[in-house]
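A quick write-up on the structure given underneath.
Chain IDs A, B, C and D follow the sequence of writing; residue 1 opens each chain.
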Amino acid sequence: MARHHVSATVNGDGVEFLCETGQTLLEALRDELRLTGTKEGCGTGDCGACSVMVDGRLVCSCLMLAVEAEGKSIQTIEGMAVGETLHPLQRKFIEHAALQCGICTPGILIAARSLLARNPNPTESEVRYWLAGNLCRCTGYHKIVEAVLDAAREMRGG
Amino acid sequence: MRYEAPKTLEQAIALLSGANGQARVLAGGTDLLIQMRSGRAEPELLVDIKAIPEMRSIVAETGGYRVGAAVTCMELIENEAFAQAWPGIVDGVRLIGSIQVKGRATMGGNLCNASPAADSVPALIAAGAVVCIAGAQGRREALIEEFVAGPGKTTLASGELVVSFLLPLRAPHSGDAYLRFTPRTEMDIAVVGAAVNLTLDDTGVCSRARVSLGAVAERALLVPEAAAALIGTRVDEAALKRLAAAASAACRPIDDKRGTKDFRIKVAGVMAQRAAEIATERARRPS
Amino acid sequence: MSTMLKYQERELKIVGTRPLRPDGVDKVTGRARFGADYNLPGQLIGKVLRSPHAHARIKSIDTSAAQALPGVKAVVTRDDFAEMPDEYAAVGELMINFRDVTRNMMAREKVLYDGHPLAAVAAVSEAVAREALALIKVEYEVLPHVIDVVEAMQPGAPLLHENQYTAGVKPKPDRPSNVAKRLEYARGDLAAGFNEADLIVEREFNTKPVHQGYIEPQACLASCSEDGQAELWTSTQGHFIVRAQCAKVLQMDVSKIRVTPTEIGGGFGGKNNIYSEALAIALSRKSHRPVKMVMTREEVFRATGPTSGANVKVRIGCTRDGKITAAEAELNFQAGAFPGSSVNQASMCAFTRYDLANVRVVGNDVTVNRPKVAAYRAPGAPIAVFGVESVIDEMAKKLGIDPIEFRLKNAAREGTQTYYGPKLGPIGYIQTLEQARAHPHYSAPLGPNQGRGIATGFWFNIGNETTCSLNLQEDGTLTLMLGTIDVAGGSRASMAMMVAEELGIEFESVRPFVGDTSTLGFNFLTAGSRGTFASGMACVIASRQVIEKLRQRVAKIREVPLEAVAWKDGHARPAGGNVAQFAPMSLAEIAKMAGKTGGTIAGHAEINAQGAGPGFGTHIVDVEVDKQTGSVKILRYTVVQDVGKAIHPAYVEGQLQGGAVQGIGWALNEEYVYGDDGVLQNPGFLDYRVPVASDLPFIDTVIVEVPNPNHPYGVRGCGEVPIIPPLAAIANAIENAIGLRLCQLPFSPPRVLKAIDDAAAAKG
Amino acid sequence: MARIALASNLAPYTDGVLELELEVANVRQLFQALGERFPELRAHLEAGLAVAIDGEIYQDALLQPIAHDSEVILITKIAGG
């Protein structure tokens, strides 16, 4: 069975790769494109560690086939900082000690950015529900929620 | 395993019909990919239906709505007019997994996966929604409550696929709601789900009602006895109590890792009652 | 031993502040490399065939078809690993029975649990490896199995190990048993103590196994060369322990295995032991190619961790005015397929918050057809303390005494004799109770169906073997190589802070990292809340060594006596008095000259840190119970804990919050669910329910600092204690909300609702 | 002579003896003396025991001195998560 040739945009750059039908977008990102910042925690969409944006939608890259990425625009954690400037969420996560082991962090940052893009002023509860699909076992979420709220405040210019 | 992404329904049907039952429809993939990963599904052909415009649109039709089977949950949630008309369906759709999962998952997939615990199905049943099916023999329609045959089984014939859902025109003073019980606030499969859709007359008396329960039988149930408890009442405490009793009585659940039989029976009544309260409050809202 | 440093109170510039962790930017940009992020050219993918049965004799394993499959480069089974004697052998400081290690890694005579490895293959792709697994034919003779700990203890229960006779029982039993070991701690006269009691409360509790639930599945990459040298990258809490275990089971020289620890995506005790590492090296040795092995989440649940489920009986007596006169507990712990649960530590932690004259604790370590248990944060303590703190609360309530007051009346303090051995040194238990009582949370009003609970916890904290190397670079910055893995808590930051504090320089001037096993001497794993204590001690020793060398060097350069040179604020300065005056030298100036004045300057520490200071905590929780569904909601949560000294308070808060939330998960919804067939039914995050963000409120923290006299900054350690109190605190809160004492974990809605219904039915 | 106490969980390996006096100068000598007197304790001594000498706990400290008037308690070693 011939492999599929896929052309897509990843973090603004055009990319091409070959994949099997059964290969997930997560596998393509990690194994074909060597973008290992996106993590696999479960492979079944239950932990959110593999969160990426596809055409502006937050998705689990373990639940999407790589072949479906044809023509799509994908954003991963590797594209979040601009040059040497961290995204405010990235900075606030470090400042608030919102990460410990860091395995869930890329997925949570991608998810949090998508929240703030549609809701610049979320409540604590809105942050918690939006991030419910991202498991973190180290922090108890306290500092993550604080960091997201603080980043939102800063991004609103407050 | 082959992958095709046809641009028309006809092409999709041709692909499915020619695959000897070895094809699977790929919409959001949030159930199918997990089945493939675990080896429970080993299709020879995947037919990705997301390139078919009809499957991706939400349109007003005969005063109601037609929702394409491949419309994602997030697209449906974000459609304010739809959410206004059918808040109970959106209640159900909101509970299908995380934001990430809802970015891909579809109502069509939720129905065709045929889980007794599917969150959008009880609300669709309560709404009296009709599912539009297409196959080599043409199109047909079916009631949601008759679509699922049992756990993992639908009444789709080989080569058929779900195209869209038709939600009927809403009478004034109508409201619907779906509630489920899960141990966690999010990221769980319903242990019990209950949907209530009702219409009040000008005096506030319930004139029509449909009640549906999920995860309490081999498939989501339409429970006319529970609806009857509401019809002709002002959805007062006594009526709600009768509703709860009727809902519990209709359950024929199993014990499993997610909940016990007794628990499901009891909580089905509680969820039905609470859903009815929300639906009534929505119906009373000036539209 | 004499190198141990004592606590000195002094003014601090860096310790106690909140600088940014050095691994932070890598972790927010996706640059940090975890176990599965390492790859080598030509690498194969290794996969494991696992038992579908809970208990079966292996009649035969036929791998010929798998080996013949194109793309398969190596297959290993039990035949590829040497038999190990049934005796405990030292691995660093751990004593491990390698007979069991080899059998857990790869089944030999029998499979003992669903998920037990039987064979491993290395192939050119994951798809080929999976296909090969399907071609391996195993003939089983399925045996009756036993899952429940109480059933496993009965005579006539299916036996996992036919030659296992209960240790610790006199005379030696004449029949084998699933009870691997019985232990007993006793002090005083229990019967007399109960005779003095005006009130005796006795309860039986049951808990389910829970998994550490780290988000990163185990992952490793091994490369074995033709001359028998092996390199291994793995996600672990103890790379020296991994090396030691692999060397032993593969019969290799320790120095020929080089283990590089990757960033670790959570461990909590679950990554203390080897699972795939030795298999990966064996496959690489056989295939002459690098082999990468990454577990699936399902494999993680079926075959790693969890902690014990247990049956616990507690009986406590006290006088009318709330003085405990006698306390007794029986702890029956599931060990999983091989002996070695944490029942001993649980026994020691059960009552060690109270000053008790008459105590008895009996513990049983019981083998059952489940995965071999692993450590999980304060191993065993939460299970025992769940029972004890529930009973304590019930007694306080029956006597009408405030629960904190009751605990204060009996609280352990400096000088309290423990029932497991030593007297306690200076501790902060009473302070945590008093600060909890004074916290606004403790007196805030509650609504209907809401209740407040408190509970307390104790953990020893530990020290052990520790190494580090501090190198002054030519520009005056320093690199700090650590033997202790930073398991996530931010210890790299804390270590660099202590070094910077000692040297009087900026935090940013010290670049910490974790060395591989070939760069430093043996270092114990990161466990037992030892990291900041032991590694911190080593860093301070190394720093002071560097300061000493700097002073000596400056004395030579400036041609003054050594006593004339003082080290202050990152400079060698005249010591004052009239010894000798000289122009001060900065660290950078000395560093620049170092090569030409005798060579580069470095400090080392190779210690076995002694004198860990115990930690105590008091938790307050408010819950609301939905009486119609049995759902328990956590409304508010406060953790008060004595940590000795918080080197980096934000990272200490993170430990307290994370530990408390793991305890909340344990209390509410986490459990292993097995079917009648002994097969795990919920090996995934969908049905193994760890808390999600929307389940929780903010977790308030109060850090108490009663210095540990045996650490230069007073550090005790903080990671273990916070998981201990939540189980009982929540049980006590539920009791206060709905008047029902729940003794079965987890307090999942079906269980809570059943308790409510049963109580209503009993009332009629 | 140093006063030696054994934690009560060790009773099965010492015929119930939990207190004794020994003339030993360090932990290694202590373990040796105890091993000679109680053969069944040997497997536990270096494997899993720590000592508290005058209230300070030492794990794996064979060379730690023991004074004539020291109080020594043998206890189980602690690991952790």
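Keep this in mind: a contact is a pair of C-beta atoms (placed from the backbone, for glycine too) under 8 Å apart; a residue touches a chain by one contact, two chains touch by 3 or more.
Given the structure is predicted, the values throughout are model-derived calculations rather than measurements.
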item: Centroid-based (C-alpha) most distant chain relative to subunit D; value: B
item: Which of A-B and C-D has more C-beta contact pairs; value: C-D
item: Gap in Å, rounded to a whole number, between the CA centres of subunit D and subunit C; value: 26
item: Distance between chain centroids, defined by C-alpha means - subunit A, subunit C (Å); value: 29
item: Separation of mean Cα positions, subunit C and subunit B [Å, integer]; value: 44
item: Residues of subunit C whose C-beta touches two or more other chains; value: 212, 268, 685-686, 691-692, 694
item: Where subunit D touches two or more other chains at once, by residue number; value: none
item: Subunit A: positions in contact with at least two other chains; value: 20, 43-44, 46, 129, 132-134
item: Inter-chain touch pairs (all); value: A-B, A-C, B-C, C-D
item: Partner subunit C, residues of subunit B touching it in the complex; value: 181, 183-189, 191, 257-260, 262-263, 266-267, 270
item: Subunit A-facing residues of subunit C, complex; value: 18, 20-21, 23-34, 36-37, 127, 212-217, 263-266, 268, 296-297, 487-490, 650-651, 653-654, 657-662, 684-686, 690-694, 696, 698-699
item: Parts of subunit A lying in touch with subunit C, wherever the complex brings them together; value: 20, 30, 35-44, 46-47, 49, 76-78, 80-81, 86, 90-91, 93-97, 99-106, 109, 124-125, 127-129, 131-146
item: Interfacial residue positions of subunit D with respect to subunit C in the complex; value: 5, 7-9, 11-13, 43, 46-48, 52, 55-61, 63-65, 73-81
item: Complex contacts: residues of subunit C adjacent to subunit D; value: 1, 88, 90, 93-95, 168-170, 183-187, 212, 268-269, 272, 344-345, 347-348, 375-379, 419-423, 425, 459-460, 462-465, 527-530, 608, 610-612, 710, 719-720
